[in-house]
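Note sheet for the following structure.
The chains carry the letters A, B, C, D, E, F, G and H, assigned in the order they are written, with residues numbered from 1 in each.
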Amino acid sequence: MTQNKIQVFINGKKKLLEKNKNLTEVLKLLKITKNGIAIEINSAVVPKSQYVNTFIKDNDRIEIVQFIGGG
Amino acid sequence: MSIEKEDKIIIANKEFSSRLIVGTGKFPNYEINRKSLEASEAEIVTVAIRRVNLTDKNQPKLTDYINPKKYTFLPNTAGCFNAVEALRTLKLAKELGGWNLVKLEVLADEKTLYPNMIETINAAEKLVAEGFEVMAYCNDDPVLCKVLEDAGCCAIMPLGAPIGSGLGILNPLNIKLIIEQSDLPVILDAGLGTASDASLAMELGCDAVLVNSAIAEASNPILMAKSFKNAVIAGRQCFISGRMRKKNYADASSPMNNLLTEK
Amino acid sequence: MSIEKEDKIIIANKEFSSRLIVGTGKFPNYEINRKSLEASEAEIVTVAIRRVNLTDKNQPKLTDYINPKKYTFLPNTAGCFNAVEALRTLKLAKELGGWNLVKLEVLADEKTLYPNMIETINAAEKLVAEGFEVMAYCNDDPVLCKVLEDAGCCAIMPLGAPIGSGLGILNPLNIKLIIEQSDLPVILDAGLGTASDASLAMELGCDAVLVNSAIAEASNPILMAKSFKNAVIAGRQCFISGRMRKKNYADASSPMNNLLTEK
Amino acid sequence: MTQNKIQVFINGKKKLLEKNKNLTEVLKLLKITKNGIAIEINSAVVPKSQYVNTFIKDNDRIEIVQFIGGG
Amino acid sequence: MSIEKEDKIIIANKEFSSRLIVGTGKFPNYEINRKSLEASEAEIVTVAIRRVNLTDKNQPKLTDYINPKKYTFLPNTAGCFNAVEALRTLKLAKELGGWNLVKLEVLADEKTLYPNMIETINAAEKLVAEGFEVMAYCNDDPVLCKVLEDAGCCAIMPLGAPIGSGLGILNPLNIKLIIEQSDLPVILDAGLGTASDASLAMELGCDAVLVNSAIAEASNPILMAKSFKNAVIAGRQCFISGRMRKKNYADASSPMNNLLTEK
Amino acid sequence: MSIEKEDKIIIANKEFSSRLIVGTGKFPNYEINRKSLEASEAEIVTVAIRRVNLTDKNQPKLTDYINPKKYTFLPNTAGCFNAVEALRTLKLAKELGGWNLVKLEVLADEKTLYPNMIETINAAEKLVAEGFEVMAYCNDDPVLCKVLEDAGCCAIMPLGAPIGSGLGILNPLNIKLIIEQSDLPVILDAGLGTASDASLAMELGCDAVLVNSAIAEASNPILMAKSFKNAVIAGRQCFISGRMRKKNYADASSPMNNLLTEK
Amino acid sequence: MTQNKIQVFINGKKKLLEKNKNLTEVLKLLKITKNGIAIEINSAVVPKSQYVNTFIKDNDRIEIVQFIGGG
Amino acid sequence: MTQNKIQVFINGKKKLLEKNKNLTEVLKLLKITKNGIAIEINSAVVPKSQYVNTFIKDNDRIEIVQFIGGG
């Protein structure tokens, strides 16, 4: 894989990202707005307040979730 | 002064007027879901946590139709098969809306969707320790329901029949035993198919019922939601009123004396 | 625009909004009877014809509590064991209030209070010939119910269980067969004990139910009357809504995909 | 039985009455008001309008009924 | 000295050891019919009267497989819809084998195959007058069963459920009421589907049961015939033995004292 | 060549012809117990372990009436409320007769006598590790029954209803689910009250049933033992024969063509 | 229809027969043996003993029946 | 308690015994025959073969059990 790229898993799918991106940037990239979602990296929840300070590392497993209908 | 006015149910120190909790799964669409929910006059709705769809972001969002400010959202752990998954899921739910009140549901297999009671108890203890208010989906074994109660859950949710089966209450005696022993609200969860099923649950002494498929899969979900609203009220009133004694023979409703034909 | 508004029942060309008919027997007193009747929101009440008490004329009178102008009185022939007695009784009822709409009830014995169907059919023919509108209490045999229909009755009133037993609907299949074949209103009469019994009757497709003992003998008759009011509405709405299909296995209410834990 | 009396049955009970009494008089005698009742003599209903013209005969079986609670 | 030895059933003054009557319809063929009949150890078989096939005279004949000398043939009037047809049919049956003992069956319609009770009573009176011993298929209305008894029938045969439905006994209370009132053998006819259905019928106090479809339509009719034989014996023994009282709570089978762990 | 001959049940590699296991509690005396046991034709009997009575040594001894050489004794742990007690009890049982085959029964409370499933699983693992062949009394939760199976038990013994209640099988669906999933013999334990209950258990597919109170508390225990023997055979044969399909409408047993009355 | 023939109904089916035939002859014609059957003519049973003396008339409705399997 | 006595519990009941008695002697004392019983001392089973070598100590908890009827 090229020098300046990292590989991560977002909602189970493999993705290549630039190095040194924080969560806020990743969301912008994915065109996903902050509200109505929650994020977990490597099974640990990341509070919204920390998105900007949370930098994605190689092989991070990112989960972005929301509420849907359920019984 | 009507009974409904006063007869509130208290779950985790929160007071609710409606004894009908409605699930939000399986509806034809969120619009019908919203209208059915309004018709049901429920105050609590269960919701699931799932991955955002990254490829199609324009899909309708539950929260655009059902307002978390207006309804008490009860995040569930449907789809979790062990304590770890349940805990992860509910921590995300907490982050999503700051909810502490959750529905724990640790399933054993996809055929029955019966709870794995050992993992459920295990998860309940962890969740309570983390400060969650846990409403626990469980089987109808009074013994294990008591264990959940002792583990610090805030409501016991025994199943009447397999989730989505619409078979009603398969073992009313067990439900009765659970109610007799329990100091917590007992909420019949899973299996109800008709209004009379819901009414029966309340007549047995359940504090509330949770209904999803029976409403969502009805030909007319909105009217069915009304039906369940009324059935739950009817059953609750019947329970409080104290039913007549069953008799094996007839007992005339009209006096059998002072008849024309008497000598 | 709710279904209740429109969903009227028509008996002998008269339209009624309530599908709950209430009996006036067995209440602790006429005052509780009156209040329960109001709570039930019923429009039709059954009444019996009996000799005036000559020795004590100060006994309370039904009509002082329940106003025949406000409610449709349905005189019954309870206590009659043959057609002749029934005919005599209803002619007096007609003289009493000019009623043509009557409940025919020809009993076979005091143990079961089951109808004597042969005498009932016989009486029905005579009453129809005399210009009465006959609602007939009958057993749950579809064949004989059809005979009553052909005899010109205006409503079929099959029993669910012995009068005053509170055992519910002993043979739902027969009730269903009667409903399927009938062009008349089918009103479940006798045996209902709880809200869920009434709801079930309506879910089977009954057009209305008649309840007496279950309300009158409840610890709290007034609240029980409300319970039955709501149960009948719930059952009717459930019938119209089209219930979900029963399944022998589970069917998840929450989607089993897009889980956190999927690869 | 005395010359000027007749014996009748009212609601199944034997009673002695003066001869030539009509129903209205009998009701007065029994202190029963017309409204809320119906009357049958020998199994035939007597309309209220006919009370005054209906004279009681020896051995008449009179039934005076009302509505009561019933299922 | 076992109960079976002595516990005979008497119908029309004839004594029978077996309380299982078997129908001969619907079997894959007469050979399986014969073997099933032997396996059932029944002594009475019902048979129908039908036109001889004039075009194909080589069709197998029932009597070539089931010997009228070995079994008591009970000719039925299945397919008759009024008294006249029933009478004609049974006169031919009498000519066929000199039988007086007959099963009267006057049907109302092909959908339910329920009896037309009015025509049945009517026919029963005529047949009794003609010297027949009438076993009458009837509904489960105790009142009309009593009328049949008074008409001089020699056995009452109430239905448990529609003929050939296999639904079991839909209204056990009515069957119980019929048994309580009756001085004649009460034989449950129609609707039984399984061994436990037959056993339950006998536990209710029936004197015998008639089974056809449940045996003939089983995957293995011969073994099913044995099953019903044993079920009827089991149910009869259970009825005579006097069942334990039902309790709503547990009652230990092993003593709860003298435990190791007692102080 | 009859099915009974071949249709053996295998428990812990031992073959048995009878599918009826009989308890030895609650009988009026050991003599009636012995005679009932003979009448039942059972091969396995459950027995309890209790302290010898030191003050009155002349009390009758079970083993003087029921010969451990003739019957397979199945020592139970009735009265044990945790794994430690159960283990102690069964080690004594082993010393008593060298038995490895045991019935594990860890109770939760005296009101329901329901099993404490967590302690039962716990004890099962310890007993299996100690080389016992464990037949486990359990609730009717398929999930936990599977855990017991995985723990190495040799038979699953779900309850039909509370011990000694005689209420029958409260949740047939769960019993069916347990049977479908299980590679072990499933033996219905507890709650059976009548022959038809036992027959139904076998029709559901149970491999055997355990009966105690229903026989011991019958007015005539010896005849009731015969009744259950026959009921179990009937139910087993019915299960193997493959029951007819249920229908909601009638299906004539006699052909409806070639009638006299046809044109 | 020809002079010397009559029309009858046997088990519902129209048939032409010679005149002056008795039941025994008719059975022979139909190749049906006496045993295991019963016969009705115009809704009246004919005893076996009378077959030979029973002559078929024009328009007779003859029913020949037997036992078959039935519930 | 006197020098040469020990206190034990047999089936939960307090008993005084001579010192240095083995199980066989205790059974004789209790007039209980070996067959059809099993014995546990302080929650440990004692095989029949070991009765004679098993000497009762002060405060021993002895359980003597048998089979009885049970479900």
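By definition in this document, a contact is a pair of C-beta atoms (placed from the backbone, for glycine too) under 8 Å apart; a residue touches a chain by one contact, two chains touch by 3 or more.
From a predicted model like this one, the values you see are computed outputs, not experimental measurements.
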Shortest path length from chain B to chain C (each step joins two touching chains): 1
Chain hops separating chain D from chain B, counting only touching neighbours: 1
B-F, E-F or C-E - pair sharing over half of the B-C contact pairs: E-F
Comparison of A-C and C-D (more C-beta pairs in contact): C-D
Chain E-chain G separation of Cα centroids, rounded to whole Å: 35
Centre distance in Å when chain C and chain G are each reduced to the mean of their C-alpha atoms: 57
Whole-Å separation of chain centres (CA-atom averages), chain B against chain E: 46
Centre distance in Å when chain A and chain H are each reduced to the mean of their C-alpha atoms: 71
Sites on chain G at which at least two other chains make contact: 11-12, 40, 63, 65, 68-71
Shared-contact residues (touching 2 or more other chains) in chain B: 23, 25-26, 46, 48-51, 76, 78, 88, 92, 112, 114, 162-164, 167, 173, 212-213, 248, 252-255, 258, 260, 262
Each pair of chains that touches, named by its two labels: A-B, A-C, B-C, B-D, B-F, C-D, C-E, E-F, E-G, E-H, F-G, F-H
Residues of chain C defined as touching chain E within the complex: 108-109, 112, 114-118, 121, 139, 141-144, 146-147, 161-162, 167, 170-171, 173-174, 177
In the complex with chain E, residue positions of chain F that touch it: 2-3, 23, 25-26, 46, 48-51, 53, 76, 78-80, 85, 88-89, 92, 110-114, 162-167, 193-200, 203, 212-214, 216-221, 223-224, 226-231, 233-235, 237-238, 240-262
Residues on chain B engaged by chain D in the complex (per definition of touch): 252-255, 258, 260, 262-263
Chain A residues within the chain C interface of the complex: 11-12, 40, 63, 65, 68-71
Chain C contact footprint on chain D (complex, rising order): 10-13, 30-32, 36-40, 43, 45, 47-48, 63-71
